[in-house]
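Both complexes shown next keep chain A, but they swap its partner, so chain B is in the first and chain C is in the second.
Showing the complex of A and B:
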């Protein structure tokens, strides 16, 4: 479990970015963190693997604390991070070397490394690209390499900071597909930072931040049914959700909160 | 100011064994004051087209003319301002003044006019000059940085503005702000706007004309209704139709009496409400 306990954080003293954040995330859970630009969501994500350390409060992963420098390294082996810009995190000269980089640093046996790299290539659909230099890949492929790296590390949690915001819709689907695999087959805990609410719908739980404070949390359906909150946050519901809430406002109350296209089609057909 | 591409092609590293064709035989003409959206999957040639239009690269075959002229001797079209994707990653000035003034200075605008131009450009993008002009651009939020980047293009006063994914990565408030700015630049200052996007919902709502690129070719060019009717063609080239249009289409397949013309949230809502209301259900 990830335990975020009473975390305060400021980049400069006058302007705290996180103010008393308390949040637990279970292994195998998929949590989306949403909020406008500047709400503190990326900062919060960076607390989880100690890229940034809390000014007060504590963050623990499986009982290990980020404030203990010995334990921090163990945490980093359990918690992988995928950044917004895919160019910021690829280090090796070929896809497979890049995926092997993490496990090699853990000092694993070569056979085990090979096995993990093969498996990661398979799961993320990158077999064909294994010998390619990462800089020749598309943005979506690069993000999948980063995700494959997390899998090869046998990370227990995957933190993603707006991993698809630089990708077109087609590549976005590819990346989300890889995340789903890791979540479903490896019981990985996913912390997914985004301001694209369509993607937040994939989560078990949505946590909404504004000005460094958690202002709402719950299932996507519940949080997104509160249209006042969403627009106060400066966010926009996905198109399907906007249509269902317009219809709900016009008297078709049972459509409220529906964000899935198939579901809306079915419910509408039953209505008429 | 008219843009005219005739059979324009571009290959990277042309003539070498590594030649990589990026655009093929593009015919495209854009009138003054139009707002045209260009969509296409990654690698379809959108950014190459933007660079051709800005005169940053020259076609390997065919011609690109603006008002009948080729790019000036320095190699660029001075009438065109190009705002790159994620322009905030390219900021370099020590102060916002320096950042915004850079392009105009390079174009030889006299020193005594520069201050005035910078103040105007910052005002236009909603950053009060007295508060911002001496600050470092790196102290700003992502959305503000992007506005500084746009201001530095406005400072060279281009008639034609090309914006590559200007709203990517911004939240709704930031996005809305950029969209309103671009509308204003077109309506009040008469600029021609070329908007590169992969957000189908945004494009459906804003553009009167959409050009679709796939594998370096222009495959569709027309109003949003016409373009989004070609669903199979769009899907085949890795694009999607806007969700409201998908919803309406699915309901039509189930025999519901909706107009295929509905492609935005508002239009889809109107169509569905009218259908449900007409059925006598409240």
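Showing the complex of A and C:
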């Protein structure tokens, strides 16, 4: 479990970015963190694996604390991180070497690294690209390499900081597909930072952040049903959600919060 | 644009006995070859060195075009060296003279020898990079420099820096091309005007390039830290370089080359 307890954080003293954040994330849970730019989403994500340390409060992962410098490295082995810019997180000169980079840092035996790299390549469907240099990959492929790297670390949690914001829509589905698979098959806990609400819909729980404070949390259906909150956050509801909430406002309460097109159609058909 | 121009001498992926050799053997052989070039002092010696280079190229199965592409630039330097040596070597019989410029028979021979030396030096070094992947090269370098870590020489860090530099060269060149296009779109003239004007035109290109490179560096450092990178400490290698008998054999051949070149000095 990830436990974020009373975390305050400021880059410079006068303007706190996170103010008393309390949040628990179970293993195998998929949590989406949404909020406008500057709300502290990315900062919060970086607290979890100790890339940034809290000014007060504490963050624990499986009982290990980020404030203990030895435990911090154990946390980083458990919590993988995929960044926004696909270009600046690949270290090695080929796909397979980049996937091996994390396991090498953990000091694993070469045989075990081979096993993990093969496994990660298979799951993310990157076998064909294994010898390619990063600059010849598309953005979506680069993000999948980053995800494969997390997999090879045998991480229990995967934090993703707007991983699709620099990608084309069709590449976005590619990346989301890979995340879905990890979540379903490996019981990986996922913390997904985004301001695209369609993506947040895939989560078990949505946490809305504004000015460094958690302003709402719950299932996507429940959080997105509050249209005034969503527009106050400056975010845009997915089209299906907008239709269902308009219909709900017009008197069809049962439709409130539905975000899935098939589900909406089904409920609509039953209405008549 | 810039990308194609600068990618010469880069790894040429084919199968060959030279490609299969351990990077360390190839690095050491190249070193030996370069040193031997300075031992050689007559035409027999140069002929031997040229033969060794050609034989290596043949065994590496590289198309001559790929090797040649990398040599074009160095050929200019080589010719320049030759010309300088023609006119600044005063021993021997004077063939032609114009004021302070003297051309002697020995000067011509000396110039040709110097030009050839430079050409062979770079040519053999380019064989190394053409037949060895960057990662093998840096791994080999790290492994060769590792004994020096006793005197606190940062072998691992240097190897890691080199491999990151190699990884980002194409990425940053791509970015450079993008910046050029962006500045052109704003009406900048980059490849026109006097030399000074063109140098000045580089400023609006270099500044964004450096800013972006620093931002990249910081993000990369975070990504590496997130993947538990803490320097060479506690780190294992996935693809350890493997030394085979053929590598020892290759080096023995180069040791023989040194002996042969010393013997040829006497002729």
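By definition in this document, the second predicted complex is superposed on the first by the 271 of 272 C-alpha atoms of A that agree within 3 Å, B and C clash if a C-alpha of one lies under 4 Å from a C-alpha of the other, contacts with A are read in each partner's own complex, and residues count from 1 in each chain.
Here is the rule we go by: contacts are C-beta pairs under 8 Å (C-beta built on N, C-alpha and C of every residue); 3 or more make two chains touch, one makes a residue touch a chain.
Note that the structure is a prediction, hence the values are computed from the model and not measured.
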{"item": "Chain B versus chain C as contact partner of A:239, first or second or both or neither", "value": "first"}
{"item": "Chain B versus chain C as contact partner of A:217, first or second or both or neither", "value": "neither"}
{"item": "Partner chain in contact with A:68 - chain B first, chain C second, else both or neither", "value": "neither"}
{"item": "First, second, both or neither for A:90, with chain B first and chain C second", "value": "second"}
{"item": "Touching partner for A:174 - first (chain B), second (chain C), both, neither", "value": "neither"}
{"item": "Common interface positions of chain A, toward chain B and toward chain C", "value": "none"}
{"item": "Sites on chain A touched by chain C in the complex", "value": "49, 51, 73, 76-77, 80-81, 83, 85, 87-94, 97, 100-110, 113-114, 117, 133-135, 149, 153"}
{"item": "Touch list for chain C against partner chain A, complex", "value": "133-135, 163-164, 166-167, 170-171, 174, 215-216, 219-220, 222-230, 234-240"}
{"item": "For the chain B and chain A complex, residues of the former touching the latter", "value": "41-43, 86, 141-143, 168-175, 198, 200-201, 238-240, 242-244, 246-247, 250-251, 254, 256, 265, 268-269, 272-273, 275-276, 279, 281-282"}
{"item": "Chain A to chain B touching residues, read off their complex", "value": "36-38, 84, 138-140, 162, 165-171, 195, 231, 234-236, 238-240, 242-243, 246-247, 250-252, 261, 264-265, 268-269, 271-272"}
